[in-house]
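For reference, the structure is listed below as C-alpha cells.
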C-alpha cells in the first residue's frame, strides 16, 4: 500500500467522482419521472398505455443493466440508432430505474387504505380529487422507503457504465490498475469514493423517510 | 443481412456454448444464494439476539455491502484475495465467494426484519405456554418469519441472477463472455451478429428471471389481500 | 516462496497441468472459433509449450488489463496474451525471450485517414484498457480524448459504430482487422519504438522463466513460429503483411 | 307525515355469484331515524354502503328526493354531497389537521368560501366540545374524538341524510358514550334524517323511529322501534335480541 | 375456606420512569373467580401480564402455592405451565392447525405423550363444539372460534390458574356469548381458579366472586362481586359503572 500512489490518483478519481454523481443524479431524476408516469397510468387504469408500460416494466426489471447497455451501445447502432455513451448510460439507468421506481410508487398508492379512499368518496370527491387530496399525498409518503432503496441501488448500478467506456469511478479505477498495476491502492480509493457519495445520500434519505412518515402519518 | 446474423446463433456449437455459459451463470447464482442464504439466516438471527458489539459488527458488515457496488466487490475479491491472502481459486469460485458474502449481508437484513415483524403477541402467546427461548424460535418465530421473508428472498434471488452478468468482467466464462467470443469470431462476416447474440442473451435472462419475479409479485399480492 | 513454487516447472509437471492465460476475443491471436475451440497464434504456441512440457494445458481467459494480476494472484502460470514488454511491466512480472514484434498502430477510416498524431487533437480515440497503446497515449500528450474499453470486442464494435475517429492498439491485429473491414486502414503503422511480445511469468519464477527461454530459442530455431504464422495469422491478414513483420529473425 | 327522502325498491346485490342482498324494500322520511340491525354478516354494511354508491347493485332502484338514482359514478359523486357517511374505522385523513379534514369537502368539492365554512366548523367543534382540537392531527386524538370529528366533517357538508356504519364498534367502552350522545342530539335536536347500523341495541331503542332487521341479506322485519324491542314479530328477531342481551 | 393459590403483596411496576402499578395487594383462592375491572389505561392488562411474568415488576412479591416466585426467566417458564393465559388478540399460531396449536405446549414443553394429549384435546374440542375444526388452520376460523380454541390450548396444559385479558373485546357481539359461555362453565362446573379482565360487566357480575377495581394503577376497591355491582364503595367505581351502562 503506497500513500503517494493514492495521493497522485486523487485528481483523476475526483473527475470520475463527478461523472458518477451527475450521471446518477440525472438518471435517477428521469427514472423517478418515468416511474411516476408508469404508476399513474396504472393508477388511472389508462387503457393501452397501461399494458404497454407494464410490458416495459417487466422487461426492464428482469434483465441486467449490463445487457441493456450492451444493447443500447453495441447492438442498436447495427440497426442504425446511435447514441453517445453518455446518452446510453442515462437512457439505460432511466430504463432500468423507471421500472423499479414505478414499483415503488404503485406500491405506495396501493398501500393507501381502502377506508381512506372510501371516506374521500363519501365526501363526494371526484376521481381526480380523490387522487389529489387522498391517494397521492399518502401514497407518495408511503413510497419513500422504496424510493430511497432505489436511489441507492441506482447510484451503485452506475458502476456498470464502465462497459460503455464512460469514465466514471469504476472504469477509472480499472483503467489505473491496467496502467500502473496498483490494484490495492486504487480499489481502496474506489471503495472510499463510493462511500463519500453514498453515506451522505443514505443519511439524507433516512432523515427524509422519518420526516415524511411523521408528516403524513405521525409515526 | 439480418438473416445471416441470426444464423450465427445456430452455427457450429454456438447455441450449445451459449447455453453452457448460461448454466455457469445459473449455478454460480444458485450456489451463492444457497450459501449466502444459510449465512444470512445465521447473521440475521444473531442480529436480533446478540449484544451491542456483535450487532454493531454485523451492521457494519451490512453497510459495507450496501455501499460497495457488486462490480467493485467482484474486483475486490478477484484482485485482493489471491495476493493478500494467497487464496487461489478459479474465477467461478471467486465469484461464488463474492456473491455469497453479498447475499449473506442483504439476506441477514431480510431475516432480521422478518424475525422482528413476527407480532409481539405471538411471541407472548408462546411464552404463556411455557416455551423456552429455543422452542420459541423454532416453533413460533422461525416458521412465521419464513413466510414473511419469502417475497424478499425471491427478490434477492432475481437480483443475484441478474448480477451474474457481471461475471464477464472477471473473466468467468459466463453466457455474456461466450457471447462476446461468438461476436468476435463472426462480427466481420456478419455485422448483425452483435444484435442477435445480445438479443438472445437478453431473452435468456428474461426467461430465467421473470418466473421468479412473477412469483414474488403474487406472494406480495396475496399477503396484501390477507391483511 | 510458496507462491512461486506453485508455478515452478517441477510443480507444473507434478500437477500435470499448466495454466496459460490467453485472450478469448482477440482474433487471430487468441480467440474461440464456432466449435468452441480456442485457436490463434498465442494459443498455438501455448499448446506447443504444453506438449514440450509433457502436461495438459488449461486456458485462463484474460482481458488486457488483468494480465498482470492473473499472474500475481496465481491464477495462471504463464501469460501468452500478446503481452508487450515494457519498462513498467518488467518491474512487476518477468518476461521471457520475445516471440513476436509489435508496435502501436492507429486505425482509421480510409476516407478520413489519420496519418499524423497531430490530426488526433480534439478528436476521440478508442483504446483498450491496460494495453501499450494506452500507455503510449497516457504518456504522450496529444490532446485526444480517450475512450477506454475492457475488451477487444467492445473496442472494435465501438469503432465501427463511429464512436471515435480512430483506434489505437498493437498494429499486429489492426492489420488483421482491416482485412475484414476494408473501409478502414492502418493509417499509422508505428508509434514509438518497436517493441516485442514475450511470454510472462510471475516475478521471481526463475524455474519457469528459464525453461521458457530455452523453449523459445528452440522453437525459433526449428521454424515453429513460421508455421504458427502461416496457420493462424496469414489467413486473416492482408497481402501487405509479411511473416517478417511479425515474427523475429532466427 | 313528512316527505319521503329516500326509498329502496326490490334491491338485489351480488358479490360475484353470491347474492348478498335479496329484494330489499324500505323508505325513509325527512327527520326519521332508522336503525339497521342484524347478526354479523347479515349484510348491514353492504346495504348501507350501497345507499351511498360505494357498492354497485344489480337489480332494483334507489330513489332520492323523488328522483330515481342513475347508478353511475358521476351521479353518485354529486349525490354523496347530500348524503354524509361515517364508518367504523377512524377514517380521518392523517396528513391533515382536524380543521383541514373538515374543510376539505366543503371547499374542494362544494367550492364554498373557506372563511364561511371555517366559521361554521368552529361552531360545530365548540358545540361538540372539540374546539381545542382544531389544529391537532388525527394521531393526537383518541378514538372517540376522531369519530366525533368524522361526524362533524360529514355534517359541515349540509347533508340531507346521514349514514352511520357501526361508528362505535372499535371504540373503548368509555368513549362510546360521547359519540352516541352526538348522534342522539342530531336526532332529537336537529331532526337529522339518519340510518344507523349499530350493535348498541339500548341506544337504538332510544333514538330510532323504525328498525330494519336484516338476516342473511333479507329484511326480516321492518317495524317501529318500540314494537321491535318489546315485541318482535319473527322468531329470528327474538333469538337475535336474546343473543345480544347477555 | 379453600387454600390460597396466589397472592400479591406491595407490587409496584414501572414503565421506564413512569409508575404503572402502585402497591397492589390481593390474593386468590382455589376455585375462586376474580374480575379485574377499570377504565381503559388503568393498568388491568399490565397487572395480569405481570402475574404471568410477561412484565417485570420492580417491588413487591408474588407468591404461588405458598412459594415466593423468584422473578427470573427460568422460574417463570416453569410456572407458566401452571398458569394459563388468553389474550385479547387472537393469538393462535397461524402456521399450525388447531390440533397443532393445542398439542404444542403439552408435547414440547411438558413432554407428555402425544396420543394421550390428543385424546384429551379431542374431548375438549367436542365439549366446546369445535370437534370439526381440529384440522382447520386459524385463518379459516371466526374470531369466536379462535378464542375458544385459545382457551382449550391453555386448558390442555392443566393449569391451576387461568388468566383472561379481555378475551371478547375484539369479537363481533354474537360471538361473545360462545366464549363467555365457556368461561362460565369453567367457573361453575370445573371450579377453575380464574382472573378475568373484562368490560362485560353483566358477565362479570354473573361469574365473579370478587371484583378488583383498578384506576390509575391503583386498586381502588376489592369487594365481593355482589357488593361491587349493587353498592360500590367509592365514588370512582360508581362513576365507572355509570359510564359503562348506557
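The letters A, B, C, D and E name the chains in turn, as written, and every chain counts its residues from 1.
We take it that contacts are C-beta pairs under 8 Å (C-beta built on N, C-alpha and C of every residue); 3 or more make two chains touch, one makes a residue touch a chain.
According to UniProt, the chain labels map to these proteins: A, B = Amino acid ABC transporter permease; D, E = Amino acid ABC transporter ATP-binding protein.
Just so you know, these numbers come straight off a predicted model, no measurement behind them.
Spell out the chains that contact chain A while also contacting chain E.
B, D
So which has more C-beta pairs touching, A-C or A-B?
Answer by contact count: A-B.
Which chain has its C-alpha centroid farthest away from the centroid of chain E?
Comparing chain centres, C lies farthest from chain E.
Can you name the chain that lies farthest from chain B, using the mean of each chain's Cα atoms as its centre?
Max centre-to-centre separation from chain B belongs to D.
Determine the centre-to-centre distance between chain A and chain D, using the mean Cα coordinates as centres, and give it in whole Å.
It comes to 46 Å between the two C-alpha centres.
Can you check how far apart chain B and chain C are, centre to centre, with Cα atoms defining each centre and the answer in Å?
Going by mean C-alpha positions, chain B sits 35 Å from chain C.
Go ahead and note the Å separation of the Cα centroids belonging to chain C and chain E.
82
Touching at least two other chains at once: which residues of chain A meet that condition?
Those would be 74, 78, 162-163, 174, 177, 183.
Quick check: what residues of chain B touch more than one other chain, meaning two or more?
79, 83, 169, 191, 194
Quick check: what residues of chain E touch more than one other chain, meaning two or more?
In chain E, nothing touches at least two other chains.
What pairs of chains are touching here?
Inter-chain contacts occur between A-B, A-C, A-D, B-C, B-E, D-E.
Tell me, which parts of chain A touch chain B in their complex?
58-59, 61-68, 70-71, 74-75, 78-79, 110, 152, 156-160, 162-163, 170, 173-174, 177, 183-184, 187, 190-191, 194-195, 198-199, 202
Using the touch definition up top, name the residues of chain E that touch chain B in the complex.
Those in contact with chain B are residues 52-54, 77-78, 80-81, 84-85, 87, 89, 91-95, 104-105, 108-110, 139, 150, 153-154, 157.
Can you name the residues of chain A that touch chain D in the complex?
113, 115-116, 118-127, 129, 133-134, 137-138, 141, 215-219
Quick check on the complex: what are the chain D residues that touch chain E?
Interface residues on chain D, with respect to chain E: 39-40, 172-177, 180, 199-200, 202-203, 243-244, 246.
Can you name the residues of chain B that touch chain E in the complex?
The contact residues of chain B facing chain E are 119, 121-122, 124-132, 135, 139-140, 143-144, 147, 226.
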